[in-house]
Structure formats: C-alpha cells, structure tokens
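Each of the next two complexes has chain A plus one other chain: chain B in the first, chain C in the second.
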Partner chain A sequence: MAPKIEYYCPCLAESPHPPPPHLPSSSYSFHPLHNLFFCEECDAVRCNRCVLLEVSGYYCPNCLFEVPSASVRAEKNRCARNCFMCPNCRNTLTVVPSDPPDNGDMRTSAVVTTALGEPPFFLYCNHCRWDSAEVDITFEKPTGLAAQLQKFEDSAPESLEFERLKEHFEPFLRASSSSALPSATPAHHVHANPITAAASSALARDIPGVGKYNPLARSRIGRDKHAHRHELPDYKARVEIASAAALSGEADVEFLKHLESIEEVASLEQRWTNSWATSLRESDLKPLRIPLQSKKSKRCPSCRHILIKPEQKAQSVRFKIKLVAANYLPAIAVTLPHAQAALEMMKRSSTLGKSTSAAAAAEEQQAAGALIPGHSYPFHLAFTNPLYDPIQIRLAKAVPQGEIVDAEKARRSTFHIQLPSAAFPVAAYAEAWEYDDDEEDMFGLDDDGMEVDARGKKSKDGRGKSRSVGIVERRANVTVVSGEVLIPKDARGEVKFNMLVSYTYRSDDPETVDDAEAGTPSRSQATSRAPEMKNFSFYTVVDLGTIAHREETRLSVEP
Partner chain B sequence: MDLPIYYSRAEYIETDTGNKVSRRATISGPQNIILGGKTIIASGAIIRGDLRRTGPGHAVVISLGRYCLIGEGCVMRPPYKTYRGNFNYYPMKIGDHVHIGANSIVEAATIGNHVEIGKNCIIGKFTIIKDCAKIADNTVIPPNTVVPALALFAGSPGRFVEDLPESTPEMVEAQTKQYYTRFQPLPTER
Partner chain C sequence: MPPIRDKFTIHSKAVVCQDVELKGDITIGAGTIVHPKATIFAIAGPIVIGSGCIIEEGAIIVNRRKEVMRIGDDNLFEIGCRVESPTVGNCNTVCTRARVHHTLRISSYCVIGAGVLVVPTEDEMLDEYTVIYGPAAERRIWSGRGKVQEMDLRRKHAEYLREMLPKFNRLRRGDGT
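And now, the complex of A and B:
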C-alpha cells in the first residue's frame, strides 16, 4: 500500500480545522488534489461536494448528439434517436436487419444484401444476445426508432396518469409560485448536496413555483401548502387501483410457482427505471431509451464565481474557465524511502531471474513497505510548485482542537511525527524545466533557502541521509523534504496525521498574483522592489500506511 | 521522485523518435503501423498491422500517437466487419498519451487522447473511446460501444461509473510523460 496524501476542504465543518484523521467520517472532508477547485475571489479551496452545479448542456452518451434543452423535456431526458439500452445488461443495442430469406445459395444472397438490409428490423444486444423480437418489438425502417418507441411509452396508462396529475396540479403550482418564490432566493445552504442543488435548480427552471431546495425554508413552504390545499379540487384517478393490483398478485404467484430458473424473474435493477407496476417477468422487459448526460459548470458556493465552465461542444475536454486547485496549491507526493529501497531490491532480484509468483511478489511488496513497531522511519514529501513565483513552505503537524483532544490523545499519540520546522523554498515553475532538468540555479536561490539547504546538508552529514529531518533534494520546481515517524513498540493502527501546509508567495500585484496564467516575472522586477508577500495555508492528511503486526514482522525480517 | 522502471537494454529497440519496442513483441506488418514517438511497446504485445484493408495501395492499419504504452501481452487488432457482402478490416486510430494495461485486447476503431485502459480489458470491435476517458481494470466493452469524454467505464459489460475530474488531461499527460522518463535501461548494462 503506497503512502498517500489528501487535501482538506472545510465545506463540511463549521471550523476551518480538519477532523482527526482516524475518524472514518473524516475521509469525506479530504480529497485528492486534482479533484479540488480554487476560488480566486474567496481565496479558498472548493471541492465537488460544495460547488454549485449548473447544467450547461445535454448530450446522449451513445450517439453524442447535443440535445437542445428545449427538447430534453419533451423527450423525457432520454435520447430520441437510435440509441437503446439492453434491458438485460444495460449495454447499447444495435439495429440489425432480419436475415435475408434463405434460398439455399449463400453466395448470391450475400451479394444481394444491401446496406439497409431486410425489414423488419430489430434491436440486438452484442453482449447478452437479447433481441427485441423476443418482446415483439420490430421496426419497418431502421431510423427514428426512439420516436416510434416513445409513442408506446407515452400511451402507457402510467405515463398518461402522470401527465394528468401534472395538469391537475399546474394551477396550484402557478398560484403558489408568487408566495413560494421569495423563500427560494435566500443564500444557498452550504451543505446542500450538489445533486439536490442541480436538481432543484432544474426543477425551479422547469416548473414554476418549485423553489430551490432550502432546508431552512422548508417548514414555511409546508405551511403554505396547507393553506392552498383547500382550494384544490379532488383528483380522480383514471386508472383503477384495483386493476393495477390485479396486474400483479395472483398472476405473479402463478408465475413464481412455475419458475424454472431465477433468471426468469427480472431483477430489481432491471425494473428500477420503469413505473411501479411492471411485470415480474424477465421476458417482458422492453428496450430502454438511453438517458441523457449533461455537462456541468461549477460555481463557488459563497461568491458564485464560475470555477468550471465547459466548452459548448459535448465531447471537448477543454474548458472556457477552469480554476483547479492543482494550479494554485503545491502538489505533494509522499514516499517511504525504506519501502522504495526494498522494492528496488526485489525488482533487481526478480530481473536476475529469481522467479516468484505474482501473488507472492505482491505479498513481499507489502511486507517490504511495512511499518514495524519499535522502529523509526523517514518519509519524504516532495513539493511541486505550480506557480510562476517561488514560494516558501512551512509545515506543521495539526493538532485537533477542542474538547476531543484529551479523549483522543491516547490513540493519536501511538506514533510520533517529526516534520522540518524551518520554512523551505520551492522554486518557481517555468516551462523550460519541462525540457531541461539540471539548470538548478536559473532563478537565483534565495539566501534564506541557502541557509536551510546548508542546515539540511549538515544534518545529512551528521546522522546519515536517511535520518535527517530537512531538505533532501532541490531540483527545478520540486523540493523534497524529509520527516520522521517513530512508532513505539506497542503501537497499532494506521499512521495517519493531519499536516498544516502554509506557504508564502511573492505578489507584486495582489490581483493577479496567484493566477497561474500570469507571465513569469522578470528577474529585475523581482529584485528591484520589495515584494509583497501573501500567505495561504491548507490542511492535508498524510497516510503512511498501517503499522505491521508482530507476526508480519517476523516474515518481513527473515528474507 | 518515483523510481525508474528498468528494462534490459538488449530487449528493447529504440527508434530515432524515441519509440521503445520490445524484441519480444510480435509486430506483424510493421509497414502498416505508425508510432508517434516516445511510445513504448512492452514485451509479449501483439500488434496486427498485417490485417489490412483489401485493395491496392498503401494502407495505415494501426496508428499510435506520442507517449503511448502498449502493456505486456496486449493484443491490438484492427476491427473487421462484413459490409455489403464484403469482409474487410478497418483502421484503428489511437491518440496521444494513451496507456493500455497488461493483457488487454483492443479492437477499437478510435481511441482519443489521454485515455487510460486498465489491465485485462477487452475493448470490442468498432468501439469509440473519446478523449480523457478511462476504462477500469478487467472491463469488457462490447462491440460498437461509445465511451464519452471524461467518463470512467467499468464492469462487464462496461458501463458508465462516474465523471472524471476536469484536470484529467493534465494529470494523464504528466503521468505518461513521467512513465516514459522512468522507463530506462538497466544501468549495470551501460
């Protein structure tokens, strides 16, 4: 198990400090760096949980047709072209012609076959060999199939009933829209699920009167509904509930009595997307029109600035606006040198012809990286600076604040972490380094940096490279520092700790300083005027792996 | 930071454009295969450039972009079908920064840029994989499937699982470039 690091987004907590990392719930607050966004206005990290989603376009994932939002509703959020999903296995179905009439002579019939083939056409699954002829769905021509099928869907009693229900409630919704709308406008709740946010904004747009999801305002809306209920005439269902019940019931019992294999019953997942009164039989499943997918733009939850804005084209992977955290925060990579060394040894021995089975090799790998109680291990943190300015980084082990400290003290102190206490520099990012790695002093090292470097070297000389706590390596825009973890004899559990990373960066212009798109500042500019320094800190969780048990200790020592 | 991946110098042929092709890979019909440069073809891979379209003239069967990796034991085979009664092979086009894990079988028609395909996958005939998509390990993509951009597919049959982060292109690009630099001849043989 490789050590890993994740970044903290404070959206789930009231305080800016992260939860203790050994709580299982804390994993929801930590994200890999590349999943995070950065709002320049708020100067804060945002994650997929807290951003506001807006649908910027719909497309079919199979034919990649971009569906105009006007027709999305009419087509019931599904592709209205030739895209179908197999009701059995959810694979996409292909339209195939019937076999040409067999006149005994294979060769001539093959030549005669045209591109269109012979009607009737049916849908065929390449994966599970289901075909629509099984359920008596065939087509006279191979185009516009979805439109033909949607006619059936729309004329189904359930969907007709639903249409009538909508019609019935429309006057009510329109009347209540005036009273409900003001309650919809207050600031969006920070903890709202992005899915509810997207759904509620879509609902608010499509159906007048449905306010945006707002947990605080809910009670008030409820009261409003009560006030209006009296004005509504009673709804009379067209479908008799008795007939709907008769549809299942005894017939189902009869069917289940004569069941020969479990596959004859359609699974819940297969019936899920249909209405509530579908048949149990697997043989009754109908092809499904493929649900559309959407491209989404993302906004900062507090200032509403756009963080992600996709290009119009559905399959383009470029974005008009893309403020991802990876362009602002230094990327950190964690490694355990002792595990790497062990891996290296194993690779050498395996290339030399010592053949081990894959499973054994994997086991060995795990043993090699094990954290054995009673030992101390160095770990390396590699910081990569994405900014066009050099930065100074300071690390601190974050102590959980508040009353939980004492209760958790015993568990937390199962291991001791030592981090470099002095600030260390990471050079600026420059495109040139993509090509040339060894021009180390291109930007001129800060004197501060030299000092720390010397310190790092000193400790290297004194205690041996692997034992040092300090800078290990500096190259291009990467600085590797080393920390140390001491595991007491009776320790167990995971070595996981919160780390506060704060960095200062030079800013000549506070407006654009952290903009990664800004040009590289020239050297003269940097030296002539006293640079204004800005500070930014963020929390991370470092997971070094699990402490090995005693039994495993033996194993890993012996080979 | 990451450890180099060593190979024995004798096993790989390096071309002028930086492609590294294992001598233990089976490359049929090399005249019909284009490698974009800095592409690695690992040992045991089979690339069927010989399955070309019938008809006269030169035909490109399989084209690969830059910084690709064809993992160990992969099979790359152009898709075929019988159209209007004629059996024919169709070309396979693969973009830049595409990694294909070990022991996967690929019969796709098009694979975009920055695509990751896991180990032990089967990519069916005429599959179209758009940019920055990812296929998880042990996935079976049935024939004629379309994998949209920035989608993760997994399972058998392969189904949409989730959207990938917006920074996927940069990440995959960095990863594939790093892989190429890590892929070095064993220093003891220098």
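And now, the complex of A and C:
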C-alpha cells in the first residue's frame, strides 16, 4: 500500500478531464509512466488501450527462430523445429538420453569421466520432471524431432478428419475460384495450396446483402449466382458421430466415475492450448509444440505515426523507434516521509534474523504508512526531468467536472490537500559528471533545526517544519516538493486525488510560421528565432493510501 | 535457554570454507562441500550431515528441535534455500530459494523446486521421488528416469568443487571445541 502516482491518458476522449479517482472504473484510465507512449506529432500521451497494434514478426520463444509470416499459418502457429512444451507445467522440454542399465555398483565408482547416457532419447522437463516416456514417446536420435513426431501427430483422429474435410471441399473450391474469374487471367489465381485456396474463397464467400468482392470480374452478379449452382456432394465423415461419442463422451464419464484424486484430470490450463479437444486424463497429456509469439509495433491512433517499432531480430529486445512517455514527461514519485522514518526505526531495532517473512514486512510497512484520521501528513513528490532543457512545473488540484460537483464536494470534505502553488524549476538532465556538486539547496521554511540523519541526502521528514508546503530539495535533475494532506476525524476511504501537472520547456524547434521567415524577426515576445516556450500539461492521480480505521497509536510520528 | 556450545566434527575430506556460520553441534561427513556464506545453525539440537552433500551460498540449515537433524548423502542445497526439516534422505535437491518447514520430512530422490514454500500443517513424510514445483507447490511423482545421470553429475559437481574451492577460499578445519 505504498503511495503511488499514475498518469492519465485521455484515450482520444473529447474532454481532457480525468474521471474522479474514487470511481472503481476510473482505474483503467490511469497508468504508471512506464506503460505510456508519447506521440510527437499530436503532442499527446498514448496508452496501451488506444494504440494501434500491428504484428511485425513471429518468433519461437525457445529457439528464437524468426518464422516468416507465410509459414506461420502452415505450421499452425507453432514452432516447426525441436521446441516442445511440457504439458504438465508448460515449461520447455529438453532432449535427454536414457540412463544406462543399472549395474548395481554405481555407488562405488568415484569418478566417471565419460558421459553417461544412451539412446533411446526422450523429452524431459527440468521443472516438474515430467518426461515423454510416460506417454511412450521416445526417439532414436536426438535431432530432427519434429519429423519424428510429425507422423505421430498426423495420425491423430481429429487431424485425419480435418484432412478429409479439406480433400472433400477442394474440388469445389477450385471450381468456384476459377469460375469467378474471367478467362483473361486464369493463371495466377489458381492456388496450389489448399489452405490459401480456402482463404481466398473465404474472401469470395457469398454473403447475402453484400456485394461479392471480386477484383477482376467485370460483371459480378450474374456470374456469382452461376458459380454456386454446383452440386455439393454430401460429406461423409470418417467416423460416425454416434460411435464417436463412445470415444469421448461415455469414456470420459466412466473415467470420472472412477477417479481417485483430482490430479488425475488434466487441468484447463494444460488443455486449452491444443487445437482440439483432447482426452481428460492427466496421463494422456502429450508434449506440445511451443506456440509462436509475435513482436508488435504500435502506432498512434490519430496520426498513425509509429510509436514503437521493435528490431527484426528475435533475440534483440531493443527498438528501432521508441517514443515512450518517460522521455518526455517528468517522472513523479510519491513518498510519505513519516512512513519512511518509522520503517527505518523498525529496521534498526529489529533483529537481523531472517525470521521476518515477506508478509510480515509488508504488513509492518503498511502499518507504518497508515494515515490516521485527525492528523495531517506531509507527502513528498519527486520530479525527475528527462529533457535536456530545464523545465518549470506548476501543480494544481484537478477541477472536478460539472455534474458531479456535489458528489465531489462530499468526497472532498473527507480530506484536504495542499499543494505548492508556485511554479518551481527542475534542472535539465545531463550526464552525471556534469553536475557541479551534490549539495542540496534547501528552499522553503525549514532552515532551522533540521537534522540531516545518517541516511544521507534523502528527504527530510516533517519534524520541525512549521509549514511544509514548498520545495524540499533540489539535486541534479530531481526536485522534491512537499504538500500536505489533512485528514479530518471522521474521514474514511482512500486518499486519492487528481492533480494537474503543467510544465513549460524551451523547445529547440523554431516555429515554422511563414511570416517569421520574411525579413527581420519582429515578434512581440522575446523569443523570435530563439527557442519557443512550449507548454504541456497532463493529469495524474496520486494515491497516498487508505485511511486507517482504528485509532492506532503505536506508530504515530507526530512532532 | 542454555548457551549454545559449538562442537564441529568435520571430516578431513570435507571442504568447509572459512566464511561459513556454524553454531552448535555439527557433524559433517566425508566429501561434503559447504560454500562460503552458508549458514548451519544447530540451535536446539545437533545436525549430522552425510557425505557428498553440496551446500551452496546463502543456504540456511537450522535445527530448532531437540532431536538430531539428520541429512543424508549426496544432497544438493542450492543458493538461498532454507531447510528446517528434521530428516533429509539421500540424493535430494532443494532448489534455489526454496523453504522447507520443520513439519516436513524428506525421504530420498526428492526435488523441492525453486522458490517453493512447503509448509504442511501437520507432520508429513514425502514419498520418494516426489517433485514439488510451482508457486502453488504442486506435487507429482517422478518416474526416476535419469537419476543415474543426475547422481553422476552431482558427483562430478562435488569433485570439481573439491578441487576448485580451496584454491580461492580459506578452509575451516574441524576443531573439536
């Protein structure tokens, strides 16, 4: 329950105002900074909900082989090479040799220098120790597993049925795709591959009410009706449905009746990556080919400018184009100084034993940061400037929208926020060695009585400050300001408020206005050919935590 | 609570680095390797470790019970794990950052997966060849295929460490006090 701050993305909404933060649905409009992008053309923040996604390539997550998009469909979205997935825990399988036969004297041999292991080989999962020998899949050679498993997969009844269906429809597809074309260009639209033939005929499908898409035909309507006059012979399935039920339906019921433990049934996560329904038994699970993953590029929804473009190579995690909001917007971090002070005290006093589990530590942290009604707490906002120019930031409480003012007022009476009202500068980002020195300038009203504790140049807590709203610290390209939250005695709920952050920065691009180029620069502002001051603002939501219900007195850190 | 009296019996062929925290009555068998920064605390009762075990960095073996904690042969305690189990058999693997409670007794050829927290509510003995894996500590029985190769690999691992560790770390010799 550490205090956090999230940024608002309007997602192409007309009004830029964010929804009130206490509504449960408003959490979907607010994102942490690392999830946001920034479009330079539109000068707007974009989030994952509003960007356009395009697939830029497919790859296998195990062997990192880039699969060309044509083969993706043919291979049914799976890796065609030796990459298999454990059906039990969905980890990657490795090919291992079997043990040599047991001689009984293994314990006495001290060092065995030659590698053990002999064929047959099988697939083995390192995580859950499942192996394919449990389903009787073994190989004679450790390579070329795909081919060895191919005939195994092809003999599955569903796969045979699918092949038969395709064979049945193929002459009909060829006839309809060739008859829809004029005789002038017959050649290049006849598809050899039945899959692509099926795809193109899906495009040419007869949908009532919609004109048929036909790129080459001159007169469309008459020809279509003609084409579909072909008689379609009835399809006879390979397996009669009545008897097929015996394969899956009743057999499943029998199996479930005689279950001994729930682990014998394959779980949903283990079964749903299959292309068709497989057996329910855990012991029947076969190794699966690893599904391919895709690399996506993201575009701005309004101007279609590319925001994110990954590199083509599967193993590189970098991007050719990377317009992320963190390079444009200042990063804001919220802390509650009284919580930190309490935590430090607890850490020093507790023993070094490792008996503190993670859950207990989290609980202590939450108790340390509790906001007790009837008190007022300062909070610190640290702004980090990513631009190479200094910026001036101005904060404001977000004005709530018109209709819900009453509800807002009722909410607002629960806690009051004081923010620094003046604009404060944040220095430009520069390399570490370019800063003069690391001293902190202390602005504000707390020159006296401030103890700099041994933690170093971290933020000071609220003790000894008469008024705590203002700049706390300035260091490199970070400025810490503090505000205050007052919680009246009968307040409940979470302390969340919308904050409008606007900042002005000097942009280096001169305004491309035609009249500025003519003659002498004669603008009224001082910035003629010089860089312009640009202004940008965005909304954020600051969440300081939940107001503690009970009056806890054990961790009060009041002056 | 009586003060803990240190009594370390370390076999001459065992390799125990200087930087290990030992407390209490500890017996370490032949060929066992204890990496630096491991912790073996025999707080309430003694600990007896068999031969050929490998205890890696950050591993914590604690005995808070009065009875003897016996650890068998050829076990591997990976980095950051924490074992309080009163009985550990042979050829087990406790993977990285796993935590085993004192109510669980481990037999042989078991594998406690990485990061797994095994806290049964009542005393339990794991069957042989049990594998515990996943964040929810699911269990399954290993078929045992590949165990010969794994034990061979462990022996080679121990052999290599026995040769390399003393070159770069100071060793602690067993003192009788």
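Methods note: the second predicted complex is superposed on the first by the 351 of 559 C-alpha atoms of A that agree within 3 Å, B and C clash if a C-alpha of one lies under 4 Å from a C-alpha of the other, contacts with A are read in each partner's own complex, and residues count from 1 in each chain.
The criterion applied here is as follows: a residue touches a chain if its C-beta (ideal position, glycine included) is under 8 Å from a C-beta of that chain, and two chains touch if they have at least 3 such contacts.
What you see is a predicted model; the values in this text were computed from it and never measured.
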| item | value |
| --- | --- |
| Touching partner for A:Gln340 - first (chain B), second (chain C), both, neither | first |
| Touching partner for A:His127 - first (chain B), second (chain C), both, neither | both |
| Touched partner set for A:Cys89, first chain B, second chain C, both or neither | both |
| First, second, both or neither for A:Val478, with chain B first and chain C second | first |
| Chain A: partner with more touched residues, chain B or chain C | B |
| Partner chain(s) touched by A:Ser98 [first = chain B, second = chain C, both, neither] | second |
| Residues on chain A lying within both footprints (that of chain B and that of chain C) | 89, 110-112, 127-128 |
| Chain B to chain A touching residues, read off their complex | 1, 3, 6, 8, 82-85, 114, 124, 130-132, 140, 142-146, 148-151, 157, 159-160, 165-171, 186 |
| Complex contact set, residues of chain A against chain B | 34-35, 59, 61-64, 89-92, 94, 110-115, 125-128, 293, 308, 314-317, 319, 322, 324, 326, 333, 335, 340, 343-344, 347, 351, 380, 382, 478, 480 |
| Complex contact set, residues of chain C against chain A | 60, 82, 111, 113, 131, 133-134, 138, 140, 142-143, 145-149, 151-152, 155-156, 159 |
| Contact set on chain A toward chain C in their complex | 88-89, 96-100, 102, 106, 110-112, 116-117, 122, 124, 127-131, 133-134, 263, 354 |
